[in-house]
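What follows is a single structure, written as structure tokens, with notes after it.
Lettered A, B, C, D and E in written order, each chain numbered from 1.
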């Protein structure tokens, strides 16, 4: 059993060991373009996302980070005006193919949002929402899932005595970890995180960063952040987006220490954004 | 170079602040105007009706003696009518709202439905009365039954319920949908398990306010011909019935002055029911309003 | 055709027809009465007493107006129809067409009272001709002086029951007969209390309505004595109306009973009870009873029809 | 203790055909619900149209639309709708003169000046005011407002357009206040902040920034109020008399389209008579009126819509 | 007449010349505490704000930056539950004194908000809103004011041909400059800016930064920002807020190069926030 508590704490300072060649690519994005109505938000994105690694997406506001990560689990389609070209393959399946059901994709690919968005239900109900949706009804199994997920999200100790209280009673950081637990409950392979700490205080941020480090053993993680230090601290690979284009995509330490592109350099040195 | 004459601005300031103060008082007076009128109205009704309002009044049928006249049949009729109207209008109204908010594509047909609903909201109740009379009472041969009255009322308040349900659904933050979809939930699962529970307070509040409108409506029921005297309780939806406003109307038409006072007692009962329904709406609104 | 009870609904379905003469009523215990709103208070009183004496009896009464009542009567929806005027030709035809036999009973009298304001001290009596002149659409009366020499030169305010009511019908029938129309600048209201308010509130007001509304507001209104066919000016009261001295504005009130429904015990019992008690009940709600002999005759007729 | 969630979920997926079907059926059900509202409109139009056509077989359309006299009773009946329309417009006009300024002023007070506490108390009170049955307002107009007005206006008749007009206005104040308040409080706070930070007083913020920004909602509430006033029935029936009259004099007794319809349904007109059909023709006119109001309101709100 | 166009561009890179001793203090804040209901948002703030300089307020989200700057023009009182102790003197007048009218204060102290908030009126109407409100009616003067303010806000050239179009038609950056013009139109002495660029793209941000540099000749400016580079680039003095307290207040170059407080250092090196 993997719980956050029985692991030894991991340093949140970026390690400097070089990242080894990825064993496997879980997502393959090819020539991907996306429009909101008339406005193009993503231009010819090409990117492979490695398995069991943390991939960070950085870039200034409005550059298409959220759009990109929402394309990965087709959440972007909730905006009716969206049009897309190009392919995204998940585990070698074209996610836009009509054979591939979007619910299945989203079951394998969890997502955590910028603002914690628990349901106005109890903590317990929040966690088991996914499994219940997928037809699991037995109380015993659900209880087990809840405990396991909350432990994985490093929240169990804080909430185990108040599982049936409303989730809105939690602090922002706890809510965000609850959302992570909720997402872990359906045992996804990939977790997409869209600025998961931007609404949180420093302490909660640290907790979530540790958690991400722990989770990458079992999950492939894509994280959007506007905080470059955070990207540097926790990710293995980093992509820099600007105006809907991938300007640079590289191992994190390389990208930060030795950017290839002038714009990347300007951005990471705080020249704009 | 200074284009703004600071001194002039200063000089005007006092005048502006005073007119602010005066208008504030005017606005205040305007908004208590309604409350003053309400007080006068209630004072008159209560001073006339209270002496007749007792347990006997609530539990007796109509009578030719003002002192013996009661409102039992009308209360029962109103309750029956509401218990037909409430589920029908809620199901159809919420269904329509869900369709418009969750499923409808933005096209001509949807626009037409929207326009149609806001138009229906403005159609006078007498016209609904004509509809009920022609379609339910005559064409569908329901007679002057609870079901005919209930259906007419349902259609009358349908637009109100649709609009308030739409608002309740629209007030649910996008991130709740996202959370559910991201978990692999289907649309219907999301609606049933996230949208409806979150929208229910708003739906109920709107529904109760709509029913309060229905419970006070006189004209459409006069038109479909609710009964004036019935001294037993309705047994099923095919029974004849009378309702509070009709009974009140009947009493106000009597020659005997005492009956007019009895009518006031009837109005008090109606107002108390309205007040109860409104309070329930407020309680629901406050208690269940979710803090996202 | 339509019904008001679940029972009858069921039996209608079983029969699968919607014939107009509803035998189905025979099985129910419910008595359905509809019609004139003028007659309503009397029948309501009758029903109230009847239900007190017969536990479980069920009578309901609507107020669709005399015409509306006949319409339902012809459609077979009601057992008894109240009317504040005799049945009209077209209504008779409709009933004939529907194969409905019925009998008319007079159950009470109403003294149509012509009323003026308390402060009006000049009008001592009026003749039908004067009323005709006053209320006529093409008469040229605007002030009291136009009606009779010596009356003040002040504009008359006319208040009248709605043109769609039995009271209006009766009044214009008596005053105008077949020709002539009632003046259209009168203030009309469906609600007789509203007329009472009207005359009470205006010194030069005049109106007419049922005796009960006058009797209840005696302290605020004056009834005008009307010159009857024997040249006598008579004020409406219980006695003059019952005796027929108050004419031509004493009008009879009717119920119409459908023959076939008298086979139904509850309808028969109720109709019987109604004829036995109508007089007393009428008085108790402000109308005038007919002489006792009239009710006795009516009861014999009822038993004849019912075959008892 | 580890459970393999994924496996269980995969198993479940096999027997989720039911869910898939549900996913298809549910939208159809909701669509049907939405269609009922369309059917209602069609029902209203058909109902009105069929009987209206019968009516126009007896009365010429030209007379109906241009005639200046409405007197459907008696021998020489005339069916000119203009008096009913003028009556309706008169009542609506008076009501608006009362309701628009007071309603808007209340809304401004509640939204821009009142503390949240006051708002929390006053808004529900206004909503109760909106819930009082209109029949109650009707007698309030007749027995309270009219006598008060008579103190001011010497020879004001008991039935007049003014009193019910004012009371209809009072009745719709809460609606206008409440809806306008909603529109104004949905103007984002940063607009107010922007103006206040420039040294504006609250009044200036309200009148120059908030009201213009909320204009479409405010106009929408006005138009809805007008619709309500046009459709109001009982107040007018009780307090305005039933005298169709082509006039602009607010002290005269008038009749509106709605009160005519109620008059006839309460009255004695029998099914099949021209009077009976006339209520459908009047109902049709009323429907067309409110339709125009609503189309206008939709046009205006789309025209003035501000997206902030 | 001062317009943005006839000035030579100023470098937006922080100059390293030492800031001279302030000639005059325009705002004097003493022992200022502020509560929202029960929650204290500001603790014993003491601060003097220099005339004709740019003062930056930095600190992590929720530390009280907006609250503080809104106290300076009493906008914070729009929240009914607010309670305050201590004094704030503006030009030696106690701004909370009953003699001092809040409208007067706000006429002398302009404010620019985080999100551009033009009124739903034409560009022209937006700019002259203030002067008109203050009783200036003559079209000629209003026209002049509009032109002058738009020029000062470096917006004139972009909008001079569409003055009577709706302000919502402008881009975000233009809207923000319009709001600045609107605020300049009443010729305030102080301009308060609450994260004026946080909703803007890099190019608009640069424009606004230049503008601030130009404006400080004639105005005293207080600017809240979460972007430390921005504070470093444009301000003369910087205050670092944390949890409602002023941790450090100093000349900008000193504070950034040589922070006195460990927490300041942690913050400016991106350790949190």
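Here is the rule we go by: a contact is a pair of C-beta atoms (placed from the backbone, for glycine too) under 8 Å apart; a residue touches a chain by one contact, two chains touch by 3 or more.
Going by UniProt, the chains are A, E = Phosphate ABC transporter ATP-binding protein; B = Phosphate transport system permease protein PstA; D = Phosphate transport system permease protein.
Please read all numbers here as calculations on a predicted model, not as lab measurements.
*Asks:* Stepping chain to touching chain, what's the minimum from subunit B to subunit C?
*Replies:* 1
*Asks:* Give the rotation angle, in degrees and rounded to the nearest 5, that superposes the C-alpha atoms of subunit A onto those of its identical copy subunit E.
*Replies:* So the angle, rounded to a multiple of 5, is 180 degrees.
*Asks:* Determine, using the mean of C-alpha atoms as each chain's centre, which chain is farthest from subunit D.
*Replies:* Using the mean of the C-alpha atoms as each chain's centre, the farthest one from subunit D is A.
*Asks:* Quick check for the class: compute each chain's Cα centroid; which one is farthest from the centroid of subunit E?
*Replies:* The most distant chain relative to subunit E turns out to be C.
*Asks:* Looking at contacts between chains, which pair has the highest count of C-beta pairs?
*Replies:* After tallying contacts for each pair, the winner is B-D.
*Asks:* Would you mind pulling out the distance in Å between where the CA atoms of subunit C average out and where those of subunit E do?
*Replies:* Roughly 83 Å separates the two chain centres.
*Asks:* Return the distance between the CA-based centres of subunit C and subunit D, expressed in whole Å.
*Replies:* From the centre of subunit C to the centre of subunit D is 37 Å.
*Asks:* Which integer distance in Å separates the CA centroid of subunit B from that of subunit D?
*Replies:* 13
*Asks:* Multi-chain contacts in subunit B: which residues touch at least two other chains?
*Replies:* Each of 16-17, 186, 189, 252 in subunit B touches at least two other chains.
*Asks:* Would you give the residues of subunit C that are in contact with at least 2 other chains, written as numbers and ranges?
*Replies:* Expected reply: 37, 63, 68, 191.
*Asks:* On subunit A, where are the residues touching two or more other chains?
*Replies:* In subunit A, residues 107, 134, 186 touch at least two other chains, as defined above.
*Asks:* Can you list the subunit B residues touching subunit D in their complex?
*Replies:* The touching residues are 16-17, 19-20, 23-24, 26-28, 30-31, 33-35, 37-38, 40-41, 44-45, 91-96, 98-100, 102-104, 112-113, 115-131, 134-135, 155, 158-159, 162, 186-189, 191, 209, 212-213, 216-219, 222-223, 245, 248-249, 252, 267, 270-271, 274-275, 278, 282.
*Asks:* Please output the residues of subunit C touching subunit D within their complex, sorted ascending.
*Replies:* Touch residues, subunit C against subunit D: 37, 63, 65-68, 70-71, 88, 90-91, 157, 162-166, 168-169, 172, 179, 181-182, 184-191, 194, 197-198, 201-202.
*Asks:* Which bits of subunit B are touching subunit C when the two form their complex?
*Replies:* The touching residues are 61-64, 137-138, 141-145, 225, 227-232, 235-240, 250, 252-257, 260.
*Asks:* Which positions of subunit A touch subunit D when the two form their complex?
*Replies:* 1, 107, 131, 134-136, 141, 144-145, 148, 185-187
*Asks:* Per the contact definition, I'd like the list of subunit D residues that touch subunit A in the complex.
*Replies:* 1-3, 5-6, 8-9, 12-13, 15-16
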